[in-house]
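Some structures are shown below for you to check.
Across the two complexes that follow, chain A remains constant while its partner is chain B and subsequently chain C.
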Partner chain A sequence: MAATPQPVRARSLSCPNCGGLIELRGFEHSRSAVCVQCCTIIDPSTPELTILQKFDQKLRVRPLIPLGTRGNWQGAPYEAIGFQVRCINVDGVEYCWHEYLLFNPYKGFRYLTQYDGHWNDVQTVRGLPTFTRVGDHKAVEFAGLTYKHFQNAEAATKFVMGEFPWAVRVGERNIVDDYVAPPYSISAEMADGEINWSRGEYVTGTQIWQAFKLNNAPPAAHGVYSNQPSPYAGKPGRAWRTALLLLCVWAAMLFFFVIGASNREVFSANHHFSPTPGEQSFVTPVFELGSGAKNVEVELKTDLDNNWAYFNLALINESTGQGYDFGREVSYYHGVDSDGSWSEGSRSDSATIPRVPGGRYYLRIEPEMETPTSGFSQAPRGFNYTVAVRRDVPTTWLFWIVLPFLIVPPIITSIRAAAFEGQRWMESDYSSTESDDSSTGDDDDE
Partner chain B sequence: MSVAANCPTCGAPVTFMWSSAVQTACQYCKAILVRHDVDLEKVGEVADLPQDASPIQILTEGIFDNHRFMVVGRIVYQWEQGSWNEWHLAFDNGGSGWLSDAQAEYAVSFQVYPQTALPSADAIRRGMTIQWQGQNYVVTHRTRAAYVGFEGELPFRTTDRTEMVFADLRTPDARFGTIDYSEDPPLLFMGRQVDFDELKLRNLRMFEGW
Partner chain C sequence: MKLFSYPVYGLLLLGALAAGQWYGLSATSYTEVKNVPKSVRENPGVYRSHYGWLPRWFGGK
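After this line comes the complex of A and B, so read on.
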């Protein structure tokens, strides 16, 4: 039968430039292999081992995942067989990332990319993304997700190690468009007029370190990466939904609290007060307060005009003589000055006494006013007032204290989520902080 | 399902795994044999296949859309940036299809017969749209490639080694097609890109250390 019983063996070559040993890990897939000793790229698929390029070895970078390391990654064993450093140049500043080529002889190739401690698991796209728009953003649609355009840049290969299934060269430049839908991203890389689509998924360094059993710790991730999932993703919505729900409960409770209170007027009387020397206290007729330790509100409504009055008040139980003493100042001033009309204070005031047992009560009222000290001032003007007593009025202050606790958390969550997105897009082509007149590059962000 | 005949060159028995095979090779003397009813005609000699790292081999078995298949043949194509394999699949329902393997990216397709004429090899360009069964297929690649070898049983004769044009077709939902300009009118193959695990392949090649 035609089947080959022997396993496919990995080859090793000797570098046509320096004679050094080059071990191949990608079997016959490799179209370029790098001699680490002399920084020469050769084509192992040619019998004469064509030298594709010799490059500057001053740019040597040590890969964090040593080539030849095997790990169980995304459900299958993969071996790191290639490594390259690629850079983009934005306003004279070079930003470089690392790409690891992973290989499994059955499942093929995939990549891990690393920038500033942020990692992505990248695979070629099966299917074809379609171009679309989201507002003023270019975007692509793929497999039910919309990816917003993040950045357009020219990526240059700066350093290579290991082997690749294509002819790799240091200095090679490609235009790359990145689109993001955290935790995913899609890259469109232009090569020979064709678009090569790949899709990345944000992964943590810890996941990689565990999968490939690497020593030490992965480098710490700095800043926010383009497709890094937001820790606040979906939280503002949830927080607002919760807040809305609680507000409904709050409003319902307030409603029932208000309509549940009997809020009955048990006494009301009109009086006139003239400031004359001497004690002016008097008591009201007795009124009945219903049973139960409910509150009592005493309300004063006056016709004071640019004047003030003070009321000494006492609510006294007729049978026990027990009283609740309290005072209220009512003052109302108004006028017109250079800033326009103004007013201060109020003509009315009220006091609420909590938990007053039922029974028969009366009020002792003693109004006070500034009394004329000498005869030549204008005649002291008295004022009219109404005193009203209400039993079991709804007190709602607790509700208003609670209200901020309902509304503030979603606001804070929304602000934090927006700040995270702001940081994400700060590095993009759509940064709002991007200045057109970037004179020098020394203005550090933040 | 094996049909036996003798090699006209060396007399060795030649068996067919797939009853509709048109072309095969004698495993002993490497003669390329074309079948006419029961007779076999030698039309050439097989060249050694280039070394490659495909995990698939003749007699690999798998399942596609609930139909079992066996790999009975293979064509190796070479283009500017490498080579790829078209594995000829014989299905349990008697049909035949192709499993293409380009650097371990896989697609399964079947020959179909379009009602309307396809664009010519000179006219076809990247970005063009081809309609097939209500779907828009975008031409994503136009490649010039040539046969560099074959093995096993094939549904047609493949002796021409001149370069020809291939056009790859894609859709957003991973449907896949190829227009093969080796014949006139061109051949159209339609299918979809598949995941390695999806095919549940057995009897694969072994790789040392894996």
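After this line comes the complex of A and C, so read on.
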């Protein structure tokens, strides 16, 4: 019968400085422990409990995960035994993050880091990443993933609490090189000629709060963190692939409707119009429109020159009396001025009436144009024009209206994805706002 | 909850396009008139276009 594992109990020590109680949860792994009463760091591995450092109590920071809190994290029970605050200084601005040391006697140590509501589950790497390059970024490869360099900075320890498997000191400084491959990151910490690699995975505060059964809610995440997975990851590619398919359907439909249209001319006649007093309207001979409810295009071609004309038009079914009234203004002006030659308008125009039933039709045409009203205006000379009627013409205007709506979503998705990545890299050594500093991270330890 | 599905949106748009093409959406503004008098053939001035902002049926000359 398997024995039930007993809960591990913490060992207690008396602080050699103030006599306060120091609980040791990391057992023989602990190389330093902090007295919470007097902020004295001791070495618990020495019989006399050597004082390693005393630091200013004013720096005291309250951890979000209280030390001694146990939780089931990544499939194993872990206890928070250490807490430290570390900061980097970039252009005179201090950025600080929190590190929680988790311990399981059988699994060892792992860390939870928190910056501005963004959390990472960090473990020391067993193995050595290999250096490479991705574009203008230096990068490392590890376990099949390529991590792009993000930032190089000197991190300083500002506050410690609990116990650590190394002789921790407030004021301790390390050069930190961060590489990212969201949701993962890999960091090299250099101190005393030694490089320690650790790998982080972005996790949410909610996951941690659930695992450690913490009260209240985790702090809200602000901004975009270096290895935060993009909510748009892969979406632009998928959206553009979908767009390509939809555009193929769009093109096939365009082809179908254009090729499928018979576009047959059923009537054409040339006329001359003079703006004389009296009735100007006339009707055309009857023409036959084939069966089916197809469209009809009436096209007007004129020889207007620096003038306009308006056509009142009616397409009338001879037998049913059903009519379609519409109008078209044709105007064409041109000239030369200080900017050079210019022109506006067009000598021709057309109108398309949809779903006109088959039958015998004629056009009633009533042209108008400016008539001379005073001796100052030049009397218009009239103009020649051609009227052509076509049955079942291809219309494509609706296709061109739909087209931008079809490709707007992938454009928006791509812009959003780029904006998210832009925000991510804004905080890096490769930010576009970063000047010469970006090269600093590029020159190290390659 | 996903509120927007691009493939569904795209297919709806293409469906609307196909329907618009099939049923003949037109950019031309026109007025459909019933029972145009047959006398228009002989006397075109008897008819005035209904097209425009205001009804312009004058009932012939």
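Methods note: the second predicted complex is superposed on the first by the 414 of 446 C-alpha atoms of A that agree within 3 Å, B and C clash if a C-alpha of one lies under 4 Å from a C-alpha of the other, contacts with A are read in each partner's own complex, and residues count from 1 in each chain.
The definition used in the following text is that a contact is a pair of C-beta atoms (placed from the backbone, for glycine too) under 8 Å apart; a residue touches a chain by one contact, two chains touch by 3 or more.
Keep in mind that this is a model prediction, so the values were computed, not measured.
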| item | value |
| --- | --- |
| Contacts of A:Tyr324 with chain B and chain C, given as first, second, both or neither | second |
| First (chain B), second (chain C), both or neither touched by A:Asn263 | neither |
| Partner chain in contact with A:Phe399 - chain B first, chain C second, else both or neither | second |
| Touching partner for A:Phe109 - first (chain B), second (chain C), both, neither | first |
| Partner chain in contact with A:Ser274 - chain B first, chain C second, else both or neither | neither |
| Touched partner set for A:Thr46, first chain B, second chain C, both or neither | neither |
| Those residues of chain A which chain B touches in one complex and chain C touches in the other | none |
| Chain A residues touching chain B - in the complex, by the definition given at the top | 1-4, 6-10, 26-29, 31, 45, 77, 104-109, 124, 126-130, 141-143, 165-167, 193-195 |
| Residue ranges of chain A in contact with chain C within the complex | 239, 242-243, 246, 249-250, 253, 257, 279, 281-283, 293-295, 312-314, 316, 318, 321-327, 351-355, 362, 364, 366, 395, 397-399, 402, 405-406, 409-410, 413 |
| Chain A-facing residues of chain B, complex | 27, 50-53, 55, 57-59, 81-82, 103-105, 126, 138, 140-141, 151-152, 170-175, 193, 195-197, 203-210 |
| Chain C to chain A touching residues, read off their complex | 4, 6-7, 9-11, 13-14, 16-18, 20-21, 23-38, 40-41, 44-45, 47-52, 61 |
